[in-house]
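The structure under discussion is supplied below as structure tokens; questions concerning it will follow.
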Amino acid sequence: MVSAQSLDLSGTASGGLVYDSDATDGTVFTSSEVNFVITGAGQTDGGLTFGAFVDIDEAGIDDAEVFLSGRFGTITLGGIDPATDGFGIDDIGFSGLGVDDVAEQFKNATAGADVRYSYAAGGVTIVASAEIGDETSYGVAAEYDAGALSLGIGYVDDTNDGNSAVSVTAGYSFGRVAVNGLYSDWSAGSQGYGLDVSVNTGAATVTAAWAQATGTAADPEDGIGDAYGLGLSLPVSDGLTVSGGLGLIETDAVTDGSRTVADFGVTMNF
Amino acid sequence: MVSAQSLDLSGTASGGLVYDSDATDGTVFTSSEVNFVITGAGQTDGGLTFGAFVDIDEAGIDDAEVFLSGRFGTITLGGIDPATDGFGIDDIGFSGLGVDDVAEQFKNATAGADVRYSYAAGGVTIVASAEIGDETSYGVAAEYDAGALSLGIGYVDDTNDGNSAVSVTAGYSFGRVAVNGLYSDWSAGSQGYGLDVSVNTGAATVTAAWAQATGTAADPEDGIGDAYGLGLSLPVSDGLTVSGGLGLIETDAVTDGSRTVADFGVTMNF
Amino acid sequence: MVSAQSLDLSGTASGGLVYDSDATDGTVFTSSEVNFVITGAGQTDGGLTFGAFVDIDEAGIDDAEVFLSGRFGTITLGGIDPATDGFGIDDIGFSGLGVDDVAEQFKNATAGADVRYSYAAGGVTIVASAEIGDETSYGVAAEYDAGALSLGIGYVDDTNDGNSAVSVTAGYSFGRVAVNGLYSDWSAGSQGYGLDVSVNTGAATVTAAWAQATGTAADPEDGIGDAYGLGLSLPVSDGLTVSGGLGLIETDAVTDGSRTVADFGVTMNF
């Protein structure tokens, strides 16, 4: 027996000001978040890696997962998301202004997940998720990453609620410019479209994003319609980035049809 | 003054699949748990040891205790259990299938605890617990450990609810075999009997357990009747063990009188 | 870019017995608390310091804050208190017997805070706080520390609830004796007066405190009237202190007009 266990701390935080033209009590307010992660991990003689973590945020325990990895891939239990949950477009602003959510609301159908399996080889990552027990659903996703080009396709099926979603994603980067898109088709008759374009000038990254939802909203807070965003991210040093964003949300979830959101603040990692 | 304070992290985790024939929503489901402990401790010139810890699990703060130790013994405050709480038989499976609970439901009567005192010398450990304030109860236990042989006797008295319990426990190990038993007599007219037998083959440990409750259930979820379990525990490396269990629970808490439970998974420590 | 990020653990704990003549269920009970803090921090080339922490106690997440410091001062977001919250007199006993609360209940008016700014130079510290968004209030405080002498003045204004408070504090230490006082005037027609005197004999510190509230109570649990306290604090070693206190609370919040409180226990830091 070999002892190669370790315990580790890591963390991220963010804080700043947020503007929301649709807020009922004061359109400007502060936002701050902390996330500290305690991770335990170990390795066996035979090449297995095992571990667990707990994610502590300002409100309590945000997530806890247990994993086991080997040549067969990685199995994870705990606070798991469906296989397609990683698909999406860039969020705008330090606090997440919600532009991306308009396009992303359909990708997981109404599925959850209890267990995830992933396997990566030769630039391809396969992810499968399943929800078992009181509710049942499953999901599969395949992602291909060739450096400048990335492609992904995924399917989730909420078998006990009887709905499913297919999503495709594609990204391409050329020099200082990166483009990334998402399309989701939900069996309830809805579609989500998202696109982001980033330009990294070296000193800063400017990101523009567009999202559209058609059909019936999966999340009433996101609604059906369009959303636009423009964000700026300026690394100050290792661990500290100044970020700001501006968004226009024009969905039927907005009282008068048009909502302006903006934020300015910092993000940190430790 | 001498500074000898320290802060330390430790952790355990488990995850796997559970089968329960009596489950209303899906008989197979996943189970995972994490437990990370932050401990602070220090020592004085005069030989006192002091410390505190908080136990963080996937749902929040599971436990927090403060202790002070010296030649006089150890006093502990916080999330304390009655003096007899350490008595019991082996649980079966990585997730705790509940076989042992049938026998153990009477050992603490209906008592809680706010403070614990323990003193150990010459293989004998004395534990006393008390609940003071809005509810009152007390407990005492003595355990003797002579290596191969261990004996314990305990008494708890819930003075404001007017009930008490006497428990005795005995264990003996010879070579690769260990036997351990528990008997509890609760003043409400109930008895709990438990027995486990473990065989450590070197590569793995096989454990068989039997539990019986007679009289009136202390915990309606455990009920009155018999429970049987068989478990296998296979250490893979330092920190990683594969475990599985099979249980048959035949108490009046089970809808149709007989419930089969099983699990298979891993336990980790960091 | 320079990497100078770090993660750190620290902690405090306390435990002991408390007596309260006014308690409805048992006048003697145990009290214990733990507080472990995970802190992440970093520095930039340009002299900025940034960081965040989360404070974990026995019940959950007690506090989380994010800060950014530079020559301009320090901005903090998260679980913030109004600028005047640091004003006060010594609490008595290891568990906080509440003598000080009688005098301190008016200092923050009914204001909260979302963001705090502080700047220190030449012994003077300026603190400003603001609550923005659904509720609005602000606060300013100035404190001067010249070693033996300390002075402070602060004002908080709960603009949407329409009340404010002015507070002044002064402290002076001469040899082994330290005196500290607080006066608060709340616009609702209430005043809080507090005084503490400490004598540090080298081996121990004895503290006497007096508090008085007149007008209308800001906190019904504190009430209007007088409170007196006497405390003893005895450092045993680095990290371990034995503390005890005795208090007499004679406010209209006490059922029969006079309540005796006492405690005895230990405080620890790691």
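To keep things simple, chains are lettered A, B and C as they appear, and every chain counts its residues starting from 1.
Methods note: contacts are C-beta pairs under 8 Å (C-beta built on N, C-alpha and C of every residue); 3 or more make two chains touch, one makes a residue touch a chain.
Because the structure is predicted, anything quoted here is derived from the model rather than measured.
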Interface sides of chain B and chain C: same vs different residues, half threshold: different
When chain A is superposed on chain B by its C-alpha atoms, the rotation angle in degrees, nearest 5: 120
Geometric centre distance via CA averages, chain C-chain B, whole Å: 40
Shared-contact residues (touching 2 or more other chains) in chain C: 9, 56, 60
Of chain C, residues touching chain B in the complex: 9-11, 13-16, 23-26, 28-34, 36, 56-60, 235-240, 266, 268-270
Residue ranges of chain B touching chain C (in the complex, touch as defined): 1-7, 9, 38, 40-46, 48, 50-54, 56, 60-61, 64-66, 68, 77-79, 114-115, 132-136
